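Below are two complexes that have chain A in common, paired first with chain B and then with chain C.
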Partner chain A sequence: MLEFRTQGFNGYGVKYSPFFDSRIAVSAAANFGLVGNGRLYILGLTPNGIVAEKWYDTQDCLFDTAWSEAHENQIVVASGDGAVKLFDLNLDNFPVQSWHEHKREVFSVHWNLTSKDTFCSSSWDGTVKIWNPTRPASILTLPTNSCTYSASWSPHSPFLLSCVSSDSHLRVFDVRAPTVSGTTNHLVSATSIHNAPAVSNTPYACTIDGPGSLLPPIPPTVPRLANGTFPPSECLTHDWNKYRDTIIATGGVDRLIRTFDLRMPSQGPLAVLPGHGYAIRKLAWSPHLPDVLLSASYDMTCRVWTDGIGLGVGGPGVSMGKTSEVVQGPAREMGRMARHTEFVTGVDWCLFGAEGWCASCGWDERLLVWDVRAIMG
Partner chain B sequence: MSAAKAQERLSQVASHLSPSAKRGKDAVLEKSPDDIVVTAAYRTALTKGGKGGFKDTAAADLLAGVFKALIDRSGIDPELVEDISVGSVLAPGGGATEFRAAALVAGFPTSTAVKSLNRQCSSGLQAIAEIANAIKSGMIEVGVGAGVESMSQQYGPGAVTEFSDLLDSYPEAKNCKVPMGVLSEQMAKDRKILRSDQDAFAASSYQKAAAAQKAGLFDEEIIPLKVKWTDPKTEEEKEITVSKDDGIRAGMTAEGLSKIRPAFAKDGSIHAGNASQISDGAAAVLLMKRSTAEKLGQKIIGKFVAASVVGVPPLLMGIGPWKAIPVALEKAGLSSHEDVDIFEINEAFASQCLWCVNELGIDVKKVNPKGGAIAFGHPLGCTGARQVSTLFTELHRTGKKIGVTSMCVGTGMGMAAVWVAE
Partner chain C sequence: MTDALCGPSNPLQHLQKHTSVDRTLQQDRLVGPRHSPVQDFRSQSQNAGILDPEFNAFQAGAPIAAEPPQFHHPQQGPARQFDPSVQGGPSNWAVDFQRLNLSNSASPLPQQKSAYQPPAQRSGPGGWHQEFMQHEVHPQPVSSPLAHQAYQPYMGHGVGNFQSQFAPRAGQPQQQQPAQADKGKEIWDDEAFEQAFDSARLAMLGQEEQGQSRTKETLEQLTEPTEITVQPTNLDHISEQARIGADTIDHQESNNRTEEEITRDENDELARVAGDLLDKVKDDQSQKFQQSNFLALMRRFRDHEVRVEGDRVVNNESSPERNNSRMTGAVDSEGTGMGQSHGFA
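The block that comes next holds the complex of A and B.
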C-alpha cells in the first residue's frame, strides 16, 4: 500500500488520470471542508513513492475533481463557493477558466466519457449544469430542486446523464429529449431509490444452492416501513456500470448500496447490499469487470462488492480470483480495506495495468493507493 | 466565509451520519418527485342559505360548475383523472348518484370514478386526504378532492334519523345528537369563553373578510357561476352570475354584535353573529404527484404534506382543532406551530375557534387572515376544500410558505392538514 499525506487538507475527491497510469488528482479542503481553503493535488506515482508534482490552492474547499477526457493536462474542480474551475497543468497557480453560476456548494463534477467536449457539475443549489470548457457560460441547467450530491454521464451515450440528490431520487436526463416545462428539462426518469426491492432479501438465503434470494440479508438495524419499502434517505453517490449500459449503483445515508436497471427503474432495486456502518460517500464500478463495485464510506472503510451478475464466461469476479461456473452468483461484499482512520470520501480505480489497483482519500489527510485483490477474503 | 456557512455544511454532514428521516421546516419545504401536489384549487362563491345567490341551485349543479372550471383553468386532460372524492354532509344517500352525474356533466369521461363521503364538517378535507393517500399508495395517479353543500335545499331535520333505543341508552352515544349550538354554548360556559371575546373575534372575521373582498383578494379563488335565481319579491326567475360571497357584511363591530340576542340559551353567549353562517357552495382541488405534474406541465401551486384526524368527546367537538393541529404538525415533522405562516381554522363558532387558537398559543394574526365562516359561511361539506383555495391564494399573495387547515367535526372529532405553497 502506497501513501501520500495531504497535510493540512482533508481529502474529498480522487481521480486517476485517463491518460497516464502514474498520475492521480486529489481535491481537498482545509478544516474538513467546513470553512477555509481548498487544494487540488496533482500526484505522481514514482519509483520513489508518491510525490506532489503540482498543487493549486483555492479560496474555498474543493469537493470533487474530474480530468478532461480530451486534454491530458486539463482538470476541473468543484468548489464550495459555487465555482467550477478548470486548471491546465502547463500553468501554475491559477485556473484557466472559472465559472461562477452555481448558487451553493458544487459537490460533483464529471467529464463526458463519450463526447469528451462537455462535462457536468452538480450542486447543493438543486441544479445540474452542463459545460463546455471553451464556452464562457454553462450550456444547460437541469433542475432537481434538491441538494444534488452527484451527477454522472453515461459511459455509453453522449446524451445521457444522471444524478442523485437529497430527495432520495435517481434522475436520468437525455439532453436530446424535448423540454415539457421549466422544471422537466430533458428529464426522462425520476426513480425513488427507497422503493422496495424487486426481489426481497430474505434473511437466510446467501447461497447459490439454497432456496430464495441471491442477495445478502438486510440487517434489522436498517429502517424499513411496514410495506417493505425503505424511508426516503439522502443519496450521496452513484455510478454507471461500465459494461452493462442500463445499470446504475447508488449509495447514501441509509448505508445501503443499490443497483438499478434503467429499463425498469420503478420496479425497485435489483440488488440491495447492506454492510457499511455509516453513510456511503463514493461508489465506483470497476473499469475491468462488470460485476465489481468499490465503495467508500463514513465508516472509514472501502469495500469491494460483486452484484452477482457477470458477463460472458467465468461468471462474477472470475478474474479477481473467485472462479465460478455460473453467470449469476450471490451479491455480496468481497472484502474491505480499513486502513483509513477518518471518513473515506473518495475512491477511484486505476484504468491501466493489472485490474484491481485503486486509490482512496479521506479526512485523515491521506491518499492511499492499494490493490483490491489484496483485501479480498 | 461566514460562520453560518460553516454551520450549514456541518449540519449537512451531520445529516449524513444520522439515517433517521429529516425533520423540521427545511425538510417540509424540500421538494421531492413523490410529493403530492395541488395544481388547481377553486371554489364557488359562498352564498347565504335560503336567500343567497345559490338558494335555487342544486348541490350537484354547484359541483358541476366547479368541476368544469377546474378542468378549464388547470388545462388537465379529464381523461387522466382517475377518481373524484366529494365530501358532503346533508345530501340524501350521500349524494353519490348526483355527484357522479355532475362529474359527467362537467366533462369528465365515464372512466373517471366518483364517490361521496361524509365526515361532517371536515368532509371536504377528508375527500382531499383520501385522494392524496390514493395517489401516494399508487392506487391512482391523478384525482380530485372536493366538497359541496346546499344548505338551502338540504338543511333540515332529515339529516339525522331518530336514534334507536340502543343508542339512546348509552350516554356518550346519546351525546352525538346534542345540537351543535347547545353543546357549544355549554362548552363556552364551562371553558369561560367570554361573550365579549367571541364578539370581538367575530367582528374581526367580518372586518377581515370585508376588507379582503373589497381588495379583490377572493377573486382569484372564486369561479363565477351562472345560475337561475327566483326573486322572492316578484317570484320572477332570472339568470344571475354569482361571483362574490354574499354573506360578508361591512361595518360589523364587536359593539354591534353585542346587542344580538343569544340563540341557544337566555343567558348564553352564542348568537347568529358569532357563529358560522348557513351557506351554499362547492370547492375542488386537483391533486397528483409532483413527478406527474411536471410530466404533464401542470403548474404546481403547493403541496399536501400531512393530515390528521382525531376524536374528542362529542360534547366537546369544538376542541377538535386543538387536538388535531399538533398531530398534523408532528406528522409533517414540524416541531412548533410557529413554523406555520397561516392557519385556516374553521369558525364553526367564535367560541370554539378562539378557544383552540388561545389554547394552542397561536398568534391570532395568523388565523383566518381573510376572515372565516362567521363572515362568509360554512357550507358543511364544502368547507374543508374551500379552505385550501383560500389558504393558497393568501400564501401566494403574501409570499409565505407553510399553511394549516383545520376544523372541528360534529359528534366529536377534529381534522387538520399541513400545506406548503410553491
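The block that comes next holds the complex of A and C.
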C-alpha cells in the first residue's frame, strides 16, 4: 500500500488519469471544507513512492475533480464558491478557464467518456450544467431543484447523464429528449431511490447457490415504512456500471448501496447492500469486472462489493469471463479496507495494469494506493 | 413527335399530335412535381403557368398570330428564347423581351406590375386574357400598347422554355388550336390548380406529421440501446415529498441584520450542529472515532473553543465570525448517524 500525505488539506476527490497509469489527481480542502482554501494535487507514482508533481491552490475548497478525456494535461475541478475551473498541467498556478455560473457549491464534475468534448457539473443550487471546455458559458442547464451531489455521464452513450440529489431521487437526462417544461428539461426518468426492493430479483436470475434470497438481509436497524419503502434520504453518490449499460449503483445517507436497472427503475432496487456504518460518500464500479463495486464511507472504511451478477464462468468477482454467459450469486461485501483514520471521501479504480488497483483519499490528509485483491476475503 | 417532324404529314395528324402533347403538358403541370427538369423550372417560374392559357387564346384570335411561327420553325432547333435576333420582330419587342426576362428570373412581382398595368385587372389566369381580348376588339389607346408589348415577349418566353427544355424538336405551331377548346381548358385549369394545391397542401401536412412521428420514433430507437423508455415523468411525488437534508437549508439571507449578528448567529449554529453531530456518534466507541481529528474539532466548536473567522478556524476570544452554511447541512434527517456529515461536503 502506497501513501501520500496531503499535508494541511483534507481530501475530497481522487481520480486516476485516463492517459497515464502513474498519474493521480486529488482535490482537497483546508479545514475539512468548512472554510478556507482548496488545493488540487497532481501526483506521480514513481519507484520512490508517490510524489507531488504539481499542485494548484484555489480560493475555495475543491470538492471534486475530473480529468479531460480528450487532453492528457487538462483537468477540471468543482469549487466550493460555485466555480468550475479548468487547469492545464503545462501552466503553473492559474487555471486556463474558470466558469462561475453555479450559484452555490459545486459538488461534482464528470467528463463525458464517449464524446469526450463535454463535461458536466452538479451543484447545491439544484442544477446540473453541461460544459464544453472551449466555450465561455455552459451549453445546457438541467434543473433538479434539489441539492445535487453527484452527476455522471453514461459510459455507453454520449447523450445520457444521470444525477442523484438530496431529494432521494435518481434522475436520468437525455440531452436529445425534447424539452417539455421548465422542470422536465430533457428528463427521461426520475426514480425514487427509497422505493421498496424489487420482488423478484433480476431478469438475469440463474441461481448458483441454491434456494434462498440472493440479497443479503436488510438489517432491522434500517428503518422501513409500512409499505416496504424506505424513508427518503439524501443520495450522495452514484455510478454507472461499465459493462451492463442500464445498471446504476447509488449510495447515500441511509448507508445502503442500491443498484437500479434503468429499464425498470420504478420497480425498485435490484440489489440492496447494507454494511456501511455511516453514510456512503463515493461509489465506483470496477472498470475491469462487471459486478464489483468500491465504496468510501463516513465510517472510515472502503469496502468492495459484488452485486452478484457476473458475466462469464467462475462466478462473480472472480475474473473477466471468457463467455457471455450470465451467472448470479449472492450480492455481498467482499472485503474492507480500514486504514483511513478519518472519513473516506474519494475512491477511484486504476484503468491500467492489474485489475485490482485503486486509490482512496479522506479527511485524514492521506491518499492511499492499494490493491483490492489484498483485502478480498 | 418524330413522325410529326420527319414523316409524311397532313394537318389533321399534326393537330392530333399537338393536342396529345398539350394535354400531357397540362397534366404534368397540374398533377404535381415529377422528376423532370421542366417541372423544376415550372415550379419556380410563376409566370409560365399563368401565361399559357392566354397564349393559346391569343393565338386563336390575335392579329399578330402570324409571328410565332417564326421562332417555331422546325429548322431552328432548340429555340434560344432570350436572343432578340431570333425573334425577328419589332425592335421594341426585343427590348421588352429582355426586360421581362429579367423580371421572370429575378423579381417577378414588381416587374409584372409595370408590365401589366393596371395590376388590379389581373384577377386570375384568365383575367388578363379576357382583358386582352377586349383590347383587341375595342382598342384603347392608353393600356392596349403596353399590354400588347408585354404579352408578346411572354409568349415567346413560355414557348421557348417549352421547346428548349421539354420538347426541343416539337416545333408544332400551337396557334392551330381552336379557341373554344382553350377556353374549356382554362376553366379546368382553375379548378385543377385549386385541387392540385389542396392535395399538395395535404400531402405536405401528411409529410409533416409523418416527420414528427418519425422524430419520436427515432428518438425511441436511439434511446433503445440503453433501454430507457421515454415515459411521461410524473414529478408530483417529488414536489410533494418533504424536503430533506441540504434542501431544507434556506439560503435566503435576511438583510435587516448586521453582518456581526449574522456571523454570531452562524457560529452559534455551527456549535449547535457540531453538538448534534457528536451526539450521533457518541455511541461509537471505536478507536478511530475516539481519535478523529475532525470530531475533536467538532467538540471544540461545540464548546465554543474555536470559531470560524473569515477563511480560517481560530481560537475563540470574543466575537464570532461568519459561518459557512455547508456546516448546517450536518443537521437534517434523524437517525442516520454520521451520515449528515456529508453536509460538510
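One rule holds for everything that comes next: the second predicted complex is superposed on the first by the 357 of 377 C-alpha atoms of A that agree within 3 Å, B and C clash if a C-alpha of one lies under 4 Å from a C-alpha of the other, contacts with A are read in each partner's own complex, and residues count from 1 in each chain.
In this section, a residue touches a chain if its C-beta (ideal position, glycine included) is under 8 Å from a C-beta of that chain, and two chains touch if they have at least 3 such contacts.
Being a predicted model, the structure only gives us computed values, none of them experimental.
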>> According to the stated criteria, A:172 is in contact with first (chain B), second (chain C), both, or neither; which is it?
In response: second
>> Applying the document's definition of touch, where does A:345 land relative to chain B and chain C: first, second, both, or neither?
In response: second
>> Per the contact definition in the header, classify A:123: touching chain B only (first), chain C only (second), both, or neither.
In response: neither
> Which of the two partners, first being chain B and second being chain C, lies in contact with A:263: first, second, both, or neither?
Replying inline: second
>> Output check: A:306 vs chain B and chain C. Expected answer is one of first, second, both, neither. What do you get?
In response: neither
>> In the overlaid three-chain picture, which partner chain does A:154 touch, first (chain B) or second (chain C), both, or neither?
In response: second
> More residues of chain A are touched by which chain, chain B or chain C?
Replying inline: C
> With the two structures laid over each other on chain A, which partner does A:12 touch: chain B (first), chain C (second), both, or neither?
Replying inline: second
> Counting only touches as set out at the top, which of chain B and chain C does A:246 meet: first, second, both, neither?
Replying inline: second
> Taking the two structures together, which residues of chain A meet both chain B and chain C?
Replying inline: 32-36, 80, 105, 124, 145-147, 166-169, 183-184, 187, 190, 192, 223, 231-234, 236, 252-255, 278-279, 281, 298
>> With touch defined as at the start, can you tell me which chain A residues reach chain B in the complex?
In response: 32-36, 60, 80-81, 105, 124, 145-147, 166-169, 180-181, 183-184, 187, 190, 192, 223, 231-234, 236, 252-255, 278-279, 281, 298
>> Residue numbers of chain A touching chain C in their complex, please.
In response: 10, 12, 31-37, 63, 80, 104-105, 107, 124, 145-147, 149, 154, 156-157, 159-160, 166-169, 172, 174, 176-178, 183-184, 187-190, 192, 223, 231-234, 236, 245-246, 252-255, 262-263, 277-279, 281, 298-300, 338, 341-343, 345, 363-364
>> Quick check on the complex: what are the chain C residues that touch chain A?
In response: 219, 222-223, 225-231, 233, 235, 237-238, 241-247, 251, 284, 288-289, 291-294, 297, 308, 310-313, 322, 324, 326-327, 332-333, 335-342, 344-345
>> Which residues of chain B touch chain A once you look at their complex with the stated criterion?
In response: 1, 3, 5-6, 9-10, 12-13, 15-22, 30-34, 291, 294-297
